[in-house]
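For clarity, chains are labelled A, B, C, D, E and F in written order, and residue numbers in each chain start from 1.
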Amino acid sequence: MRILIVNPNTTASMTDRIAAAAESVAAPGTKLLAVTSSMGPASIEGYYDEALAVPGLLQAVRLGERDGARAAIIACFDDTGLDAARCAAAIPVIGICEAAVVTASFIAQRFTVVTTMERSRLPLEALMDRYGVGRRATVRAADIHVLSLEDPTSSARERLCREIERALREDRAEAIVLGCAGMADLPRQLQAEYGVPVVDGVAAAVKQAECLVTLGLATAKGGAYAYPLQKRYAGILDAFAPVNGASTT
Amino acid sequence: MRILIVNPNTTASMTDRIAAAAESVAAPGTKLLAVTSSMGPASIEGYYDEALAVPGLLQAVRLGERDGARAAIIACFDDTGLDAARCAAAIPVIGICEAAVVTASFIAQRFTVVTTMERSRLPLEALMDRYGVGRRATVRAADIHVLSLEDPTSSARERLCREIERALREDRAEAIVLGCAGMADLPRQLQAEYGVPVVDGVAAAVKQAECLVTLGLATAKGGAYAYPLQKRYAGILDAFAPVNGASTT
Amino acid sequence: MRILIVNPNTTASMTDRIAAAAESVAAPGTKLLAVTSSMGPASIEGYYDEALAVPGLLQAVRLGERDGARAAIIACFDDTGLDAARCAAAIPVIGICEAAVVTASFIAQRFTVVTTMERSRLPLEALMDRYGVGRRATVRAADIHVLSLEDPTSSARERLCREIERALREDRAEAIVLGCAGMADLPRQLQAEYGVPVVDGVAAAVKQAECLVTLGLATAKGGAYAYPLQKRYAGILDAFAPVNGASTT
Amino acid sequence: MRILIVNPNTTASMTDRIAAAAESVAAPGTKLLAVTSSMGPASIEGYYDEALAVPGLLQAVRLGERDGARAAIIACFDDTGLDAARCAAAIPVIGICEAAVVTASFIAQRFTVVTTMERSRLPLEALMDRYGVGRRATVRAADIHVLSLEDPTSSARERLCREIERALREDRAEAIVLGCAGMADLPRQLQAEYGVPVVDGVAAAVKQAECLVTLGLATAKGGAYAYPLQKRYAGILDAFAPVNGASTT
Amino acid sequence: MRILIVNPNTTASMTDRIAAAAESVAAPGTKLLAVTSSMGPASIEGYYDEALAVPGLLQAVRLGERDGARAAIIACFDDTGLDAARCAAAIPVIGICEAAVVTASFIAQRFTVVTTMERSRLPLEALMDRYGVGRRATVRAADIHVLSLEDPTSSARERLCREIERALREDRAEAIVLGCAGMADLPRQLQAEYGVPVVDGVAAAVKQAECLVTLGLATAKGGAYAYPLQKRYAGILDAFAPVNGASTT
Amino acid sequence: MRILIVNPNTTASMTDRIAAAAESVAAPGTKLLAVTSSMGPASIEGYYDEALAVPGLLQAVRLGERDGARAAIIACFDDTGLDAARCAAAIPVIGICEAAVVTASFIAQRFTVVTTMERSRLPLEALMDRYGVGRRATVRAADIHVLSLEDPTSSARERLCREIERALREDRAEAIVLGCAGMADLPRQLQAEYGVPVVDGVAAAVKQAECLVTLGLATAKGGAYAYPLQKRYAGILDAFAPVNGASTT
């Protein structure tokens, strides 16, 4: 079972850490393919970065499906481009925020998502509403840059822990959800440290992808996720024009 | 990895079909243990049956955890006793409705749950709200008895199909969720027949249980799901009294 | 007019205090019958206790209806077993939380429920949503055991008052709702002390029961509260099996 | 116990019927005082009539409190002026819509309100949301004038019944709420005719008023329902100016 | 284009300031007519004042429409009488709260409304829900009397600023909405002082009125805003009786 | 006052019609600049087209702001890229759906949006929720291609009218909102034909843009709409990399 993981942040070192986290939970028969998007922002911080990460992401998902992937994962906690990717492909497409939230919901009634920057807080609160956990989830920002999570000399880890401690004390969080793909290496350490369940979206998404493939379920194409219609695309995005109403280039 | 499936309907033949559906999707390393609850209603149809199915269910979950189960599944689409079972045990406990809804959410924006009896419609609508999909899900009742699903001479299958057809036409459902553990043998046939994703909660729950165990996640015990406190239990339920605040008998 | 009050906490001294609070507000023609459930937990603290209190409660409601009660009250602020009891009987069944919330709604726009233990906070928040006052009500836990309310040497009263003071100051509560049947003796004292309306659910439920009986209204049996269907019940709960689809044993 | 019922429709014959319905359910010790408002529309049909019924209503409530009423009822199903009346007085003020909805909530999960004119449908839907039953209640208009309910030769009764039948069939209503004070004489007949609970707001409000008085509860004056501040009122409404911040003239 | 602004607070000096704020943003072709209501409270503080301001307001709107106004503005942040005024007239009627909220929504995701008195906080929270921004808007009261905003020796301005500062710090408000018509002279100064968008409802409503007139849009009369029906009005309000179902006196 | 209108559908003839509709309502001092996006789909029909229209849209907004536009309008009813554009620029950015909904809200309590294709229905329902009118608005699809609106020989106009008629009859819509920029030439004709208010988003957005500019209000940059951070952008989108945290290229 081939599963594609697309890192829409165009930073290859971040993809490596994502891949490692994914591998650590993959089932024996699963073959993971982690790719770095070839166009867009080095890191996704806010709506502008999000929007411009989507074309590269869609391209990667379409190529992945063409090459035999059975499911695709969007490894950015904003779940950017999720709906468009579900239109572009027939294989299941899973956002890591959605996967993390769903997973946390099975084990806790109230949880806190700790993300990186304040500018991502409101977009994530909107996602919590979309995924139906608006009343169960609190979102906090640790005030760190996404790529600083890669830098052992930064204070990113300290800031993250400080916010987790606030979540446990002030939000009475029963569990913690890590709100950035760049934190995918941390859940087990933090779970040991704080004694509460800690959920990472990358690992959660790998398992959800395996579930859907095993269950023989694919994206419903009879409604909002119908394939895009065949039409002309202008300018540098002409390569994205749907052909014959199909999702392949 | 041992996973317990409790059928709170005290009808062994129904447990057999549930077990078969579960086996068909279990991972190679998973050892499923499907048990029929030893007390309560032969089938769960409405709030009264639901409530009286819970003691037997809790006993089965506690015994299962004692005997080494790593996760437990409640195989009734009302997810009866879910919160109580999460208090009683530390292993993850998964309701088949919750698992089905979560699974459908990854592949469709709007879906319809087709359940058995009208009296289960409102309880399921309340569950849709609890699981945050109240605006995405429609609930329909096919007007069939739970145990008639076991009887090939009944009209249960026809009624179920008629309601699925209405869901596709009138609700514009993008996917169908089967709203009874007794339908666990049907999803693949119906998916082939109707050309839309069809989700069964038993299979979905097996996969979610495997996910949680692999991710090293267990029920959060620091809030609403804390272990019950040690106290006296009167009458025929005295065996359920928590001992030392622990979940084992 | 006979009205049944069932204390699903199997502690007779608590029933006595509930009965006294009920008597103090009953109309001249009302004959109250307060019974202690014969099976289940000594006190209800959390989901596990709640679930196991239900069989005893249902038995008491069915016996009460058989013996001529015109309405039944469930004297536990979690309103445990409310839906099942409404299926089991034709007489109106009233939860003390529901009655208290409804009563407070007539006299205040925002109010705070002060309950006993933290583990009951989330279940009560879910009830506030169910009863449609989720945006008007705050729930606070005073961190006291239910049965400590019976012990004059405990600090229960002090803790309760401290939380009421917080509610008035921090929540700007216009009224206080006492969130445990064990507090039924306190509303008038506390109302005098704090100068805001203080609502107790036991007294409120007695009045609601009288209302419904006088108005000639009974539980609607044409939908979710239909009588349970006749079927076999296994194990020690066999005595609960519905007979001829009727609610009497 | 004196209870004031104000009919804000300035039609005395309607007040008589309201009084009769109220008397039929009042407790032995209750002395009802039904008054017709002295200013405003002959019948309340839509927002404009509603708004202009309020001054007369407030005057009647203030006079009633001065003369010893222990609670006041607003006998118009739009609950017009409810918040202002709660500011004007310290005694509990009850709207008949609020009382009916609360009463229906104890005995049915889903119910339908049948009101008079289409122009009242949206205002009542807004009230359903305010009272927290937006998802449980459907509102239907029977397309009849309020005062035609007084005319035995009109088709009002037939239209009302036709809409009740639609509610039972199409909404699967478990109970019916009569959505106009002018229907206060009908609930018992209709209940017998249709075999489902039928709730009238006038009778329900009388019982709620008795409840609140017996429980020693009055309107919370520490928040949104504080007494109006002393100030000058211009023009023909000068008599309404609050004096010394008190509610009496 | 004549646009009517009605100040339902019967204080002429306040109307002058409202008129000045309105003039400062009106388009060249707009002729503003600001009138002080001839009956009702000197200032609107709470539900009681609100209700009694409505008759004078309705009279002014009807006269304004008769005299050629193309749109009407209600210059009180409670949007008192808005629905009734929309029934009474065919021209668009705009509340300044509604206009301010809509305007703020185009430029900020989260904003805080700073109003005068605590007793207005809950009514404004209800308006935020009505206008669909309940989750985006926080309401704060600065604890000042409406008319003290006219008095340069009062501490009103300081209290207002203190509350704005709290909003920026504690609510993380992206913009501020001034929650009283008496603050209409302040937005530009405060915007300069705090460096965030500051929205005043009076100015916002003038622009919305111009929009609607230019777009050729008037109040929909086919539903909840239908003209009032012809009927008798009793007592001192007899002049408000609708004539021939039309809105003119 | 220069106002930019970006048509993210890369079809110039459609831009011409949008410009004409905009000109017909613009104030004398307004200078409109209507541009066709230089990259992306010929028409926007569903999530995939939407996502790929965004880069071209953002480029046009940034260029427009650089060249002196005081506000920008996104002329696609999906309001695609709205949040990203608000980050990219300091000038107000207005979506035509948002503007239409806001405008309709001032004149009607319930309205129906009639859009083109079924695949746009769910995205628009999500927008209705975002803009807080989920309970007031119904969304219908007329089953027409966006570009067929340009073709006088197509049945597009008939299908649109048929759906409007259904909205008036079945939804009891008080007003109609045209749910596609390609319908911008139709509101006045349809309003005359059906006798109910008909709102077009392009015209509505022009007026809202003028409002915001006159009021001196710009996008709040202190929260979710902060300027994008300076960083590297990979691949063909490198020209979109934010420079010095500013929005200009």
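As a convention for this text, a residue touches a chain if its C-beta (ideal position, glycine included) is under 8 Å from a C-beta of that chain, and two chains touch if they have at least 3 such contacts.
Computed from a predicted model, the values in this text were never measured in an experiment.
Peer 1: Look at both sides of the chain B and chain C contact and report whether the same residue positions are involved, with over half shared, or different ones.
Peer 2: same
Peer 1: Using mean Cα positions as chain centres, tell me which chain lies farthest from chain C.
Peer 2: F
Peer 1: Work out which of A-B, C-D or B-C repeats the contact pattern of A-F, with more than half of the residue-numbered contact pairs in common.
Peer 2: Selected pair, repeating A-F: B-C.
Peer 1: Could you put a whole-Å number on the gap between the CA centroids of chain B and chain E?
Peer 2: Here the centre of chain E sits 53 Å away from the centre of chain B.
Peer 1: Based only on mean CA positions, could you tell me how far chain A sits from chain C in angstrom?
Peer 2: Distance between chain centres, rounded to whole Å: 44 Å.
Peer 1: By the touch rule stated above, which residues of chain F touch at least two different other chains?
Peer 2: 86, 109-110, 118, 122, 172, 223-225, in rising order.
Peer 1: Which part of chain F faces chain A closely enough to touch in the complex?
Peer 2: Residue positions touching the partner: 10, 37-43, 45-52, 54-56, 58, 81, 83-84, 86-88, 118-119, 121-123, 126, 130, 145, 223-226, 228-229, 231-238, 240-242.
Peer 1: Which residues of chain E touch chain F once you look at their complex with the stated criterion?
Peer 2: Touch residues, chain E against chain F: 25, 27-29, 92, 94, 98, 102-103, 105-111, 131-134, 172, 174-175, 188, 191, 195-197, 199, 203-204, 207-208, 210-212, 214-220, 222-225.
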